Structures are given as structure tokens and as C-alpha cells.
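Shared between the two complexes below is chain A, which pairs with chain B and chain C, respectively.
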Partner chain A sequence: MGCSFPVLIVIIIIVLAVGVVSLLSGALGKAIVGDVGLPDIFTVDAPHVQLPAEEIGHIGPITITNTLIASWITIVVLVALAWAVTHRIKLIPSRLQSLLEFAIEWLLNLCTDVAGEKYGRRFFPIITTIFLFVIMNSWLSLVPGFGSITYTVAEHGEEHVMPLLRGANTDINFTLALSIVSFIFVCYFGIRYSRLLFFKQFFNGGRFIRGHGLLFRGKVKAGFGSIGFGIIDMFVGFLELISFFIRLVSFAFRLFGNMLGGEILILMMLFLMPYLLAVPFYGLELLVGAIQALIFGGLTLVFVTMAVTLHEHEEAH
Partner chain B sequence: MEGLGINLPQLIAQIVSFLVLFGLLYFFAYKPILRMFDERSQRIKESVEQAEKVKEEAAAAEEENRKKLETAAKEGQEAIARAMRAGDEARQRAQQEAQVEAAGLVEKARQEIQRERDEVIGELRQEFADLAVAAAEKVIEKSLDKEAHRELIEKVLDESTGLDKE
Partner chain C sequence: MDKRLAALGMLGVGFFVAGSIILGVVGGNWLDSKLNSEPLWLIVGLLLGIVVAFYGVYAMLRPFLKDKQDKGNS
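Right after this comes the complex of A and B.
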């Protein structure tokens, strides 16, 4: 086990004690065993689920919410980490530099693998920023104490107690902002490299118009065939257009739903059975945060790659 | 929309914060780190190339050394062969010279012997003639003309082959 027998015994006793306390103080235990009168400090309140981010204050027209503050903290942490490494960057890396380099290199390789050598380096900064922002948001919100710092606001004579920090991923404004960035990014590179083809995938009326031309010249069969396929083309283009805009929504809600769900899950578990039961879910949320970050960044990468390589598909047909 | 809490200022604030993060990370992380990657790969490429070059040079030097050794060995062998040949020649020449000298010595000795023999024979003949003249004088008591006598004896001696001159 890697430790001596007495130490093992002590560890087992501590775990058992924590288990008993968590069983007795949680809602689950109380329902089964009944309230045994443990001090309040051991019990965790039932989570108060609120979808919109809580408002903390106002700066001019902008409402400062706890998620906005959390995203700023994430920015500060990321930039501080980057600066700590790169203000004295060395050819032979230190440990911290290796860590950051590992992450950057992995993402760079991901970009060049998916998008190719030519585009990979261009896409890399945005993709990496998305990935780092999302993963850091979700991991920072798992830091103990993150959600338990509260802030009291007096409003309409009532006092509202709300967490000062809340993971930015759990705010639809943040996820929507990120998906808008990703959407604009895809459009920008799509138009820049595919030019008209980028629009042609949505509005493909070429065959429809050609069909009329054929009809006009008296080629009835070919003309009607072309018009028929032209209508299908236009319908496919319409579907493409819809799915293109749906992505905007699905990106935002996938991240929002997953992260908010994870947060509520952990709070629920803390309520049901504090200490022990929440531990595996913390691990799960670490994984989910990484996966969601990878999905957001990876899908953006895939879509932008598809958008810039439209002409290759055209040639392949 | 209200229930989800979507509102425009919030959205814009979050987009702005994303762009701020993007800008900051671009200058503090991506640019320096990518430059570092490029520099490092450049360095590695250079070192590998240099190592390759050094290896090639070493191989060339070894090859050259080998060739030098080979030529040196060949030259050494040639020198030895030449020396042996020179030695042989010298020996032969010495032998020949010795033979010639020996032959000369033998010839000289033979000539000496011949000369001494001739001398002795000449003396003997002289004495013998004188002796014969004295004896004849005694016998006939008559002194012949010494000159006539000598001629006679010479004649006799010439006829006899035993004490021939030459």
C-alpha cells in the first residue's frame, strides 16, 4: 500500500469517521437514520438553482455578474501563468515552462493534424484560447472555496446572499459569447480562403438557373432534370444554412448545459451526503471540463477546416 | 431568454473579455512559445546536421589515415625489397670482385712461379754448361775455345728435351 500498517489503520479510521459524519449530516442520512443532532457546520444546504448569473454590481451600463468576475480571474490566472513562463523563456525549459509547452505543443499538433500545416498555425491561437479559457474556467470553479465566498446584496428591502464567484461556463452569456466568437472565426476564414464557395454551399442555385437556360434552348429533358436537381441543391443549401446557425446555439448550450449540470450535480451530492459522495463527482467534473474544452475547441477547428477546404471538396466531386 | 439570463451587455462583456484574453495570450504565450519551438527545432536541426558533418569528417579522416597507412606499409615493403636487392647486388659484386682478384692472384703466382722456374733453369743451364766445359777440359786437357765450346753445349742441350727453355 506504500505505507506502514499503523498508518493504514489510522487512514481507514479517518475515512470511516468522515463516512459516518457525511452519512449522518447529509440529507440522505437524515432521511434514513433521522436527525441525530450534529452541529450545523456539518450540514450543507440544498442548492438554490438559478440559471442566470447573479448580479454583483454595476459599472456604467454593464452589469457585473459573478460569472464575469470569475472569467476575469481565469484571464488573470492564464495570463499570469503565461507571463511567468515567457518573461524568461529558455531554450532548455524549466518545469513550469515544460508544462505550458506541453499544452501548447499538444494543441498546436492538434491544429496542424486536423487543418494541415498551412492553416494549422493560423487557427492555433483562437482554438488554443478557446480551449484554455473553457478548461481553466471549469477547473478553477472546482477549487475549494470558489463557490463558497458569498456576497450579500440588499435589494427591495430584502437581503440576497449569493456566491461572489461562479464558473463562467455556467453562464449562457459566456458560452454564447464563445460560440459567437467561434462562429465569426469560422465565417472569417471560410470567406477569406474559400471566397464565393463559402456562400455557394448555402445558396446553390447554379443548376436551377442552368436548367432554365437549357429549357430555353429547347433541351426539355435535360432542362427539367437540371431544374429538379437544382431545387434539391437549393434545399440542401438551405439545410446547410440552418445547421450552420444551429451550431451557434448548440455550441453555446452544450457547454452551458454540461457545466451547469456538473455544478448542480456536485452541489446536490454535497447536500445529499457531504464529503465522501462528492469526491468522485469532483473527479468527473475535472474530466468533463477537459472534455468540453476539447469538444468546443475541436469542433471549432473541424468546422473552420471544413470552411477553408471547400474547394478541395469541390474538386473531389 | 429572460429565464436563461441572456442579455446583450453581458454577452458583449464576455466577448470583450475573450478578445482580451486572446490578445494577452497571443503576446505572452503563443508568440514567444512558438518562436521558442521554431528556434529549438532549428537548433536541433543544426546540431543534427553538425553531428552528421562531424561524423562524415571523422569517416573521411579515418579513410585518409587508412590510405596513409597503406601507402606507408607499401613504401616500407618496397624499401625493404630495395634494400634486399641492393644487398644481393653488393654481395654478388663482392663475390665477383673476390673471384677476379683471386684469379688475378693465381695468375700472378703462376707467372711468378714460371719466372722463377725459368730463372732457375737458366742458372742451371749456365752452371751445367760451365761444369761440362770444365769436365771436358779436364778430359781432353785441351782447352777449347771457350766460345766454341759453349755453342756446342748449347746445341746439345737444345737437342735434348728435358731441360728445354719454356
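Right after this comes the complex of A and C.
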């Protein structure tokens, strides 16, 4: 290592000092050694966890919540990034440009790998939007100071202090809206490319009806067999229908649960042992944000690919 | 499509099991309150939900199971 000996000593002393202060000022240390009377700025209050997003104000009939403001900021950041890179594209890219080029290229490759050349480019814009929006939401809410800006609302003579910003992924309304977007996206492309097959996977009564026809024509054995398989067909279609709608719920709750859980985890770690213990969990949350974005985008891509390639499965049987 | 990506779809299996059982219970409860036949439809709905859940998981897993069997035989 390039550090000289005195520098190393100073670094070790600083880390030790931070460790001691963080142990003494947190709830964990207070439980072990008791209150040593540190000044107020070192102590951390117990986190106040609230499941629904806090209301900041109203514009007409629309309620403005802190998660909504955070999602606007995400949009602004994404648009600003895109503008900064694309308004003057260089042949030899700058660092920012090559970073975004890498991200976009990687996503395009993912889309064409999964969905094939024909559909990949069509699905790419929406998958990329979902991915970038979710990942930017979760990463922006990890920026230091994001949740520290507070806003006070006087209500019924009481003053409520609430964070002005809160990661949009921690609001069930946002994740539900995003999963509805992906649901409609799957339905639209499924109906457009698979036509009637898209509905046939849910309501598959063909063999059941044909069985009755066979019975009337006197082929009793074949008729009953066909009716039996037809009932199984309809049951499988019913299963598909249920799992299709449960997907909507699972998309929304997976993202919401992971993101809210991460937020609460960091708050609790900050309360238990400030400064030091939260750092590894910040790293973990960076990873979780990226994985959840990848899962949301990737699953949408997988399901839309399944929906448009229904006829291939039909031929394979 | 890549088999590993198809396996990504398995992420929803837990939600499918929970959802189909909850749907059966809620539907049975609703029918009971309409027909005043207390625990009958609740139990029927619960059993139906469990059957749907288990058969659904089996149907989702079947492509992967078949693949493994083919490899084992050859």
C-alpha cells in the first residue's frame, strides 16, 4: 500500500474514534454501558416508521405525497442525464456518455437475447424505462441527505415533522401503478401478435365442445375422452388466468416489500449503532436496488416474450 | 428462450400459492355470507384453493422436470 506509517496511524485512530462514538451513541451501546451523556448531535432518535406515504399538501383534488415528489426528482434526474449526454454526442465518448452507452447497450442485448431480433427492439424502450426508473428511484433514495430534509405540517394544532423526500419504490401506489403498466404492456403485445391464441390460453374450451359433437355423431368413447381432456384443458386455462392476475399483485408487492424493508433496515441500523453499522447495509441496498430493477424489467420481458411467442409453443406440441 | 430466464418466472410461485388459497377462502367466505351456510363453502373454497395451488405449481415446474428426466435417460 502507498500509505506511509504516520498516515496509517492517523487513519486507524480516526476509525477507532468513530467506532467508539458510534457504539456509545447508539441504542446498542446504551444498553451495554449505559448513557454516558454525549452531546445531542451524536445521538439518533428512534426511527418513526410509517407504511403509507406522508402527505405534503394538496393541489386541487390531488394529494401530493413525499414519494410523488421523489419520483418527480427521479424523472428530472433521468431526463437531465439523457439530455446532458445526447445533446452533443461525440464519436470519442466522454466518461458519462460511455457509462450510459454501456447501460443502454447491455439492456438492448438483454432484450434481443430474450425476445429475439424481431421483438427485442420493440420491447426495449419500455423495459429500459422500467429498469432505469426503478434503479434510479432506489439509488437516489440512498443519497446522503435524501431523507433528512424535513417538512413540518401544522394539523389540528399539532405539528407533524415528516421527510420531504422518500423513495418512490416504498409507496405501494407507485409499485402497483408500475405493475399495471407492465400488465397492460404484456396484454397489448400479446393480443397484437398472438391474436386469439392469447385468449385461448385462458379459455380453452375447444376439445370440450368438440367432444359433445363426437357424442352426437355416435362416437361415444372418443367423445367422452375428448370431454374429459377438455375439462382438464379448461382447468389449466383457469390456472393460467389466476396466475396471470396474481402476477400483478406479485410484481407490486415484491418491489414494495424489498424497498420498504431495506429502508427500515437502514433506519434501524442507524438507530442501533450510528455511522458504522449502516455502511455495509448501504452497500447491500445498492445491490438490492439493482437486482429488484433487473427482476422487474426482466420478468416483464420474459412474460411479454411468452405472450408473443404462444404460436411457437402451439406448434411444438 | 433461455431456460434460465424461464426459470425467472418461478419467482412468482410463492405469490401464486398464497394468492390462490386466499382467493378460495375469500370467495368461500363471501358465498357463505350470501347463502347463510356457514362453514360449508369456506371449507370447499379452501380445499379448492389448495388443489389449484398445488396443481398450478406442478404445472409450472413440469417443463423443467421433463428436461431433467430426458437427460437422465439418455
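Throughout what follows, the second predicted complex is superposed on the first by the 316 of 317 C-alpha atoms of A that agree within 3 Å, B and C clash if a C-alpha of one lies under 4 Å from a C-alpha of the other, contacts with A are read in each partner's own complex, and residues count from 1 in each chain.
Operating definition for what follows: a contact is a pair of C-beta atoms (placed from the backbone, for glycine too) under 8 Å apart; a residue touches a chain by one contact, two chains touch by 3 or more.
Note that the coordinates shown come from a computational prediction; the quantities given were computed from them, not determined experimentally.
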Can A:R254 be said to touch chain B (first), chain C (second), both, or neither?
second
In the superposed arrangement, does A:L100 touch chain B (first), chain C (second), both or neither?
first
Looking at A:T128, would you say it contacts chain B, chain C, both, or neither? Reply first, second, both or neither.
first
On chain A, which partner touches more residues: chain B or chain C?
B
Now for A:T63: first (chain B), second (chain C), both, or neither, which partner does it touch?
first
Now for A:G19: first (chain B), second (chain C), both, or neither, which partner does it touch?
neither
Which parts of chain A are in contact with chain B and also with chain C?
none
For chain C, which residues count as touching chain A in their complex?
1-2, 5-6, 8-9, 11-12, 14-16, 19-20, 23, 52, 55-56, 59-60
Show which residues of chain A lie in contact with chain B when the two form their complex.
51-53, 61-63, 65, 68, 71-72, 74-75, 78-79, 82-83, 85-86, 89, 91, 100-101, 104-105, 108, 121, 124-126, 128-129, 132-133, 168, 171-174, 176-178, 180-181
Of chain A, residues touching chain C in the complex
113-114, 235-236, 238-239, 242-243, 246-247, 249-250, 253-254, 295, 298-299, 302-303, 305-306, 309
Per the touch rule, the chain B residues reaching chain A in their complex are 3-7, 9-15, 17-22, 24-26, 28-30, 32-34, 36-37, 39-40, 43
